[in-house]
Each structure stands twice: as structure tokens, then as C-alpha cells.
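The next part holds the structures, each set out as C-alpha cells.
There are two complexes below, and they share chain A, which is joined by chain B in the first and by chain C in the second.
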Partner chain A sequence: MCSNIIETVNLCKKYKTTYAVKDLNLQVKKGEIYGFLGPNGSGKTTSIKMLLGLIKATAGSVTLFGKQLESDRNHILKKVGALVESPSYYGHLTGYENLKIIQRMLNVSEKRIEEVLNIVRLTKAKNKLVKQYSLGMKQRLGIAIALLGKPELLILDEPTNGLDPAGIHEIRDLIKSLPETDGITILISSHLLSEIDQMATQVGIISEGNLIFQDSIEVLRNKSDSQIRVRVNDANKAKIILENKFDDSIQLDANSNLILNKTDDNHISLVNNMLVDSNLSVYRIEEIKSSLEDVFLNIIKGEYS
Partner chain B sequence: MREVIIGDRIKFKRSKLLLIASVFPLFVFIMNFSDFYLRLDFNRELAQELHTTEWSFLVISCHWAMFIMVPLSITIFASKIVNIEHEANTWKILFALPISKYSIYLSKFIYLFLLCMFSATFIVGSLLFIGIFLDFNGPIPWDLILKQAFYPYIVSFPLMAFQLWVSMVCQNQIIPISLGIIFTLSGFFLQNVKWLFWVYPIWGTPILPSDEFNKVIINTDLSFFFIMSLTVGLLFLIGGMIHFSKRELR
Partner chain C sequence: MIKTMVFIEFMKLRRQWLWAVLIIVPLVSCLLGYNNFFTYQDILVQIDDNEWIEAWTQASLFYGMIMLPILSGFYCSLSCRNENFGGGWKQMLVLPPSRVEIYTAKMIIILFLVLVTQLVLITEFIITGLLLGLQDSIPWFFLFKVLVLGFLAVCALVAIQLWMASQIKSFVTPIAINVALTLLAFIAAGAEWGNYYPWAQPTLAMSAPDEVGISSLLFFLSINLVIFSLATIIGVASFDKKDIN
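Right, the complex of A and B next:
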């Protein structure tokens, strides 16, 4: 028996002739915040719909809490809260009434409504019609609905999509505060790494239906490699000198800085000496690290796979 | 099941469902009230030609308005109840809840049926009002009035199940509404094709005038239509429910 809350084995979804999701092997352990990343159209929503049984897999299996989704659907879904794609809500009802519907259907205590309203900070707006809510409020209501049943697993599909930076920040804080209080496992999808960077513990990256990376966020960070940027008074002359000496082509960036791929200390010291000996003025030697977003984009482009 | 029915009830707030459910019987009331009010003597003569009372002639007269109104109202009720979900895009929330899709489906049917019963009750009130207001002779024929108000709905069980099914599976409600209108209009021309479930409302009446228009006869075909209604209705209800529960979310 494994401790995975979510485990899919070779999960596939085929629409007509193309696979929206192909051989997906997700593994999400208890207590993790799993960032499910991928560009638009890469298959995130399709995967999540299969996790919830909203659509049928073409092949493969979904196991949640160690039980097969197909055979134990209702038992499993009692422990799952979900927000899938764009928010959905009864616009002609108030926030409170929206929650009340789901509360009645889940048969949980009415007190829970106030609790989740408080968690997503909608208590003040609870008696306003939802069609008058801002997008951020609607998203928070969606999260509140997902939280009503005190889920052990929370699945959020792009909860920050379409929000302004302040709204994104608010949702991020909200999500970060959850696992500590309840010990729940969270799967959250996004097309921007920056949005989940500060909360995810594990990351899965999907591109064109294939899971091309799945590991802790530290492993992802270590993939970001660095280069050395050197600024001199005559970049072209320096380039010729260095290329002759090291028999290696050297790039110039847009601002006529030298970009070196070898970054060890000895090499840099050698480079510096040579430039100085050739009567060039060295203004700056600095390390540039590619951002996590660059790593993400590179992975998607297939540079690491 | 109970949880779903209670949850659904909340969704109808501010949806004007009862107002809509009143409009259709109100149409029946206005047509018949104005007819009997403006041409009371003429209607009395017709009743005499049929050798019957004013009350039973009212029952006979109101039927044409009812068999138009009943299928139309079922169409609109079903669409209105279900469209709350389509409009709000909430199927994905409901389907991810630990409740069976059958109960989601059945709950909608129960509310559709209740709206029909509400309309039928409204009809009872309308007929009573007309007769009492215009001072009809003789005792109130409760039996006839209740049958005339409820029978057209009872034989429309297949139509309810069918319209509910189409409304549930079509995102675009133009489709079930157009179908309902086609049923209503074509039913009139196809009324003698008795296996077409959408002509049943036309036959759901306790009494009819004879072909020679000289007496009132009891509708002896009723038991056939009741049995057909129950069988075909259950078939559509169960079939629709299974189909709906197996369907994928868009």
C-alpha cells in the first residue's frame, strides 16, 4: 500500500484522433501542495476532470485514497473538494444561498457555511447576489464551496486565472494557510509557474498531454543553470581574444556583454587576467541565473527532457 | 435523495417559477371566463343541445385550451427548472459531489411534476370560480372538475419525462422548447394516432360530446391512455435517467 492520495496509472483521454492526455502517471502524497503546471491546452483540466470522474478515461486508472475511483466514487468524493475551470455559481442567489445548496446536498452542519465564508473572507458579502460579485469573489466562493465538506483532498483548477495581482496574492495566501490548519492535500493547476512557486512543494509539468516533469520544487530549482556576464570596454576585441585562447565560441548579448557558459572560479579568473593583460577595461563580472519561469519554459520546449 | 430535493428547492428562489406556473392556467381561465361571461345564453343553448348541465358543458369547453396549454407548460417548466443548472454552469459542481446522478435527475422530475400539480389546482379554482360567479344551476360536480383539471397532466407523464430528458442533455434550450411547440401543434393534427405520446393530453378528459353533438359521453379510452402514459412515461424517465448519468461533461 502506498501513501499516495492521488495516483493515476497511464491515464489517457482521447478526443477523436488526438490525445488530450496521454499516459499520465500522477503521484501526489499526503499533505503536499502539488502544483500542476502546463500551458493553456496542455491537458490540465482534462486530467482533473478524470480525477473527479466528470469524464471517463480512454485508458488507465485513477486511485484516490488508495481506492479505485470507478468502484468507490461516492465514498471517495465525500473526501474531495473541487473547483474545476471557470467559476460556476447560481448568479440569482446570494453567496450564502449558493453555499446553503451544497451544504444541504452534502448534509454537513449549517455552521460550516460561516466557517468557509470566514476562511475565504466573504462573510461581509454573503448576502449579496453572486452575479454582483467581482471575479475574485466568485473564485473565492468557488473555493468556499470546495471546502464545505471539510475535504482531505482539495483540487483547484486554475483558481487564479483572470485575477489581478492583488487577487492572485489573496488566493495564494488563502491556499498557503490551508494545509497547516487541516492537514489537507492540495492539487492546484496553473499555466504560470510564478503563481504556485511560493506555495507548491511538489510540481508536475504537463505539456501536450504528457507529464514531462514530476518532482519536488527544489529539484526544479536546481535545474536552473547559470552563466557569467562580463562587461568590457571593447566586447568585440575581447570576444576574439577569448575565442582564440579557449577555442570556444562566445556569445554577446544585446548590450554587448560577453556571456560565458563555463562558470567555475579558475576559468573566470583566467578570463579576467587575459582581458586585463590585453589592456581591456573590465567593468563588471556577474553571475546570471535563469529564473524558475525560464526553467519551466525550457522544460516545456523539451530542453531538459 | 432528500438532500438533493432540499438543495434544489433553494435554487428556485427569485426564479419566478410559480408565476410562470400560474400564467398557463390563467390563460385557460381567461379564455373560458370571457366566453361564458360574454355569451352565457349561447353557451346555455349549446349545453341544452347536448342535454347536459352548464357545469359539464364548461368542463367540455375548457378542454381545448387545456390540451394546448398543458404540453406547452410542461415544455417551459422543464426547460426553466433545468436551465438554472445550464446557465450557472453548475453540473460540474453537482457531479463532483458524493450524490448519485439519479437523484439529481429525479429531483428535477419531482419539481416538474409538482409545478404541473400546482397548475392543475389553479385550473380547479378557475372552473369553480366561473361556475359560481355565473351562478350555474345544480350542485358543483367536484368529481368532473377534479378529473378535468388533473387528467390532462396525468396522461402527459411521458411528455414530462421526455421534455425533462431533452432539457437535461441539451445545453441550448432552444431545442427542447422547439420540440415542445412542434409536439403541441402537431398533436392536434395527429390526435387519432393514439400511440404518439404527445397526443395524450388531447385524450385526457373525463367526458366528450358525441359526434352528433346531441349528448355527452364518457371517455372510455381513458384507461388505455392511463396505462400507456404510465408505461411510456416510466420508460422515458428511466431511460433518460440512465442516459443522463452515463453522459460526460462537455
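Right, the complex of A and C next:
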């Protein structure tokens, strides 16, 4: 018996002749914060809409909480909170009235409205019409709506899209504060790894409709390879010396630092000796790790080639 | 659950100036009708005729043939526009209530609005008539009958209009189609096939006895019920299958 909260098997969505999503096999375990990553147009929203039954899959199956959505829709959706794409709202109603509508549909206590307003810090603006809200406020209202039913599974589709850095930070802090409180499972999509980097425990990367990576974020981190950067007083001279010796081309970065791809200790020590013996001044030798963002981009690029 | 859903639909209609539409559209129909009535009073009112009924033939001409079909279409479009505009569909449809319940609640609220419009029309018709000094006795039974028959007749039309409004994302397109089909009712109302034409059915159902109206009431209502049922079934089924993009 597996404890997957979300599980899809060969899920596909075809529009005309092209697949927006192809053979998607998502597995999200209980208590996980699953970062669903992919560039714009890679199929994140399409996948999420299929999970929630907003669009019909061309092929494949979706299981939430171990059950098929069609067979137990009412029961399953009561435990799910979702924000799909841009936030949904009735602009001619106040924030409170918007929440009231959802509260009635979920049949939860009215007190819960004040609670979620407080969580997303919209209490002061609750009697304003939503069409007068800023994008960030609408986004927070969307999260409040998703939280209203005390969901066991929270699905957030690019909740920070279109926000300024301060807004992004705020939403991120908000999401990070959630799981400790009720042990919920979260699936959050983004086109930027940096946005979910600090909160995700599990990562799925989708590119052109295909899931090309799915594992813990540590595994992703370990994929980041390192290089050695060496700063000397005459980089060009050093480059010629090293290239002659090791018969290997050496790059210079924008600041005229030498970049070495071989990083084992013996090699570095050898390089250092050579440079010193050639009367060059070695200012510093340091390891640079490629960022997680680079790893992410490389994985996607690998798929394109 | 349906009760809750209807209540929610009611909440969504706030601040949309609906009360103004509800008061003004029937009033305009009455005023146009009475204007016609007083202009052609000599021709319209013959010995033994009740002036109220003759005035009604004029008011119902504007209301039944033009205003009501356009208004019911507007209610459908408004109700769906509230969802299309801010992404309400995708929010509602990831919550427990089923699509069938959501569709049904919309249908109920729209039919309720139409019924209220009918009541307002009759009330305004009587008040304006009294103010304009109509003397004959008010034909209460007749007015009640056209109110109910008009409402029953417009149900089929609403079923078609809601189906259209729920499938077409644009607010204007269904309204434009609706206006065009309403204009066709001018021809239909005079012909035998008008009995089968949903845009002509309200005006036929609401016409006075001495006009060309319905050939057989039972037959008329049966046709109406068939159209209502078919359009509702197709409407619900296609909404249930629809991809929410």
C-alpha cells in the first residue's frame, strides 16, 4: 500500500495534434512539499487542471488520496484546496463576500473566514471590493480561498506569478509557515526554481509536456557540478602555460579568472606549483558550485537537444 | 446542497444594478404599450371590449416579443459572465458541488428572475393604467393567466439561452445571437411554426384571446416542455463535459 496523496499514471492531454502533457507519472507522498517546475508553456497548468478534473485527460488516470476523482469527487475535493493559474474572484463583491461564497460551498464554519483572512493578512481589506485589490492582494485572497476548507492537500499553480519581489517573498513566507501547522501535503508549481528552492522537499521537472526529473531536492542539488576558479596576476600567460602542460583548453571568465574543470586535489596542487614556478602570483583558488538554477536549466536543455 | 447553491447565485447578483433593470425594462414596455393604445384607441377599443385587454395587446407586443426574450438572455449571460470574468468557473468546479448542481442552481436563479420580472410587469401595467385613467374593471384572471403562461413559455427559451451562455465565453456573442433570433420572432409569431419557435413562444403565450395566438394550449405547452427538457439535458451534458480553460 503506497501513501501517495497524488498519483497519476501515463496522464496525457492532447490539443489537436500536439501533446500539452505526455505520459505524466506524478507521485506526491503525504506531508511532502512538491515543487512542480517547468518553463512557461511546459504543461504545468494543464497537468494541474487534469488533477482537479477541470479538463478531461486524453489518456491515463489520476488518483487522489488513493481514489479516482470521478468515483468519489465530493469526498476528495472537500480535502483539497486549489489556486489554479491566476486567482479567481468576483470583482463586484468584497473579499469577505468572496470567502463567504466558498465557505457555503464547503460547508465549513463561518469563523474560518476570519481565520484565513488573518493568515493572509487581508482582515483590514475584507470589506473592499476585490476589483480594487492589487494583484498581490488578489493572489492572497486566492490562497485564503484555498485554505478555507482546512485542506489536507493544497495545490498552488504559480502563486507568485506577476508579483514584485516583496510580494513573492511574502507569499513564500506564508506557504513556508503552513505545513508545520497541520502536516498538509503541498504541490506548488513555478517556472523558477529559486522560488521553491527553500521550501520544496521533492521536485518534479516538466519540459514540453514530459516529466524529465522527479526526486528529492537533495538529488537535484548533488547534480550541481563544481569548478575551480583561480585568480592570478597574468591570466593570459597562465592560460598558455597550463594549456601547453595539460593539453587541455582552459577558459577565462569575465573577470579574467581561470576556470578549471578538473577539480581533484592532486591536479589543483600541480597547477598551483606550475604557476608559482613560472613566477606568477596566485591570489586565490576557490571552488565554485553551479547554482541549482543552472542545474535546472541544464536538465531542461538536455531534454531539448 | 441545491438550496445553498441557489443562495450563492443570489449573492453573486449583488451590486449589478439588477433591480434597476427589473423595474425599468417592464416599465418601458408598459409605457410604449399605453402610448400605442392611446394613439390607436379608436381602432383598438370596440363595443364590449375591455380597455385593459386592448392596452395589454399593445404592451405585450413590446414586452413578449422583444423585451422578455432579450432580458432572459441577458440574465443568462450576466450569470455566466460573473464566472468567466474573474475565473469563477475554475474556482467553483474544484469544490465539492457537482457541475450538474451548479448548472441547476443557475437555471433556478434565472427562472426566478424571469418570474419576478413578470410580476413587476403586471404590477406596473396595472399601476400605470390606473394613473392614466383606465375605467373598465381590471381583468385579474386574464392578467394572472398571461403571467403564468408567459413564464412557462419562457422556460424553454431560458434553457436554450443558458446552454449558449455557458458554452460561449464572450458576454456579447450570446446576446447578439439572441437579439437576431428575437427579431425572427416577428415573422414566426404570425406563422403556424411560431408555436414551435422558442423566441416567439412567450409573446404567443401572453397574447390576448382575440389576437392570433396559440392554436391549442395543451399542444403548445407540450411542445414547450419538450424543448425545455431537450435543451436542459443537452445544456447540462455539454457543461459536464466542458474543459475549463
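By our rule, the second predicted complex is superposed on the first by the 302 of 305 C-alpha atoms of A that agree within 3 Å, B and C clash if a C-alpha of one lies under 4 Å from a C-alpha of the other, contacts with A are read in each partner's own complex, and residues count from 1 in each chain.
Note that in this section a residue touches a chain if its C-beta (ideal position, glycine included) is under 8 Å from a C-beta of that chain, and two chains touch if they have at least 3 such contacts.
Keep in mind that what you see is a predicted model, and the values were worked out from it rather than measured.
Trainee: Could you tell me whether chain B and chain C fit or clash when both sit on chain A in the superposition?
Mentor: Here chain B and chain C cannot both sit on chain A without a clash.
Trainee: Quick check on the superposed pair: does A:145 touch chain B, chain C, both, or neither? Answer first, second, both or neither.
Mentor: both
Trainee: Now for A:74: first (chain B), second (chain C), both, or neither, which partner does it touch?
Mentor: both
Trainee: Have a look at where A:26 lands relative to chain B and chain C in the superposition and call it first, second, both or neither.
Mentor: Neither partner.
Trainee: Per the contact definition in the header, classify A:53: touching chain B only (first), chain C only (second), both, or neither.
Mentor: Both partners, chain B and chain C.
Trainee: Is there a shared patch on chain A that both chain B and chain C touch, and which residues make it up?
Mentor: Common interface on chain A, chain B vs chain C: 49, 52-56, 73-74, 77-78, 80, 82, 84-86, 88-93, 97, 100-102, 104-107, 145.
Trainee: Using the touch definition from the top, list the residues of chain A that touch chain B in their complex.
Mentor: The contact residues of chain A facing chain B are 49, 52-56, 73-78, 80, 82, 84-86, 88-93, 97, 100-102, 104-107, 145, 149.
Trainee: Once bound in the complex, which stretches of chain C touch chain A?
Mentor: Against chain A, chain C makes touches at 4-5, 7-8, 11-12, 14-16, 82, 85-88, 90-98, 241, 243-245.
Trainee: What part of chain B is in contact with chain A in the complex they form?
Mentor: 3-4, 6-8, 10-11, 13-15, 84, 87-90, 92-100, 248-249
Trainee: Inside the complex, what are the residues of chain A that reach chain C?
Mentor: My answer: residues 49, 52-56, 73-74, 77-78, 80, 82, 84-93, 97, 100-102, 104-107, 129-130, 145.
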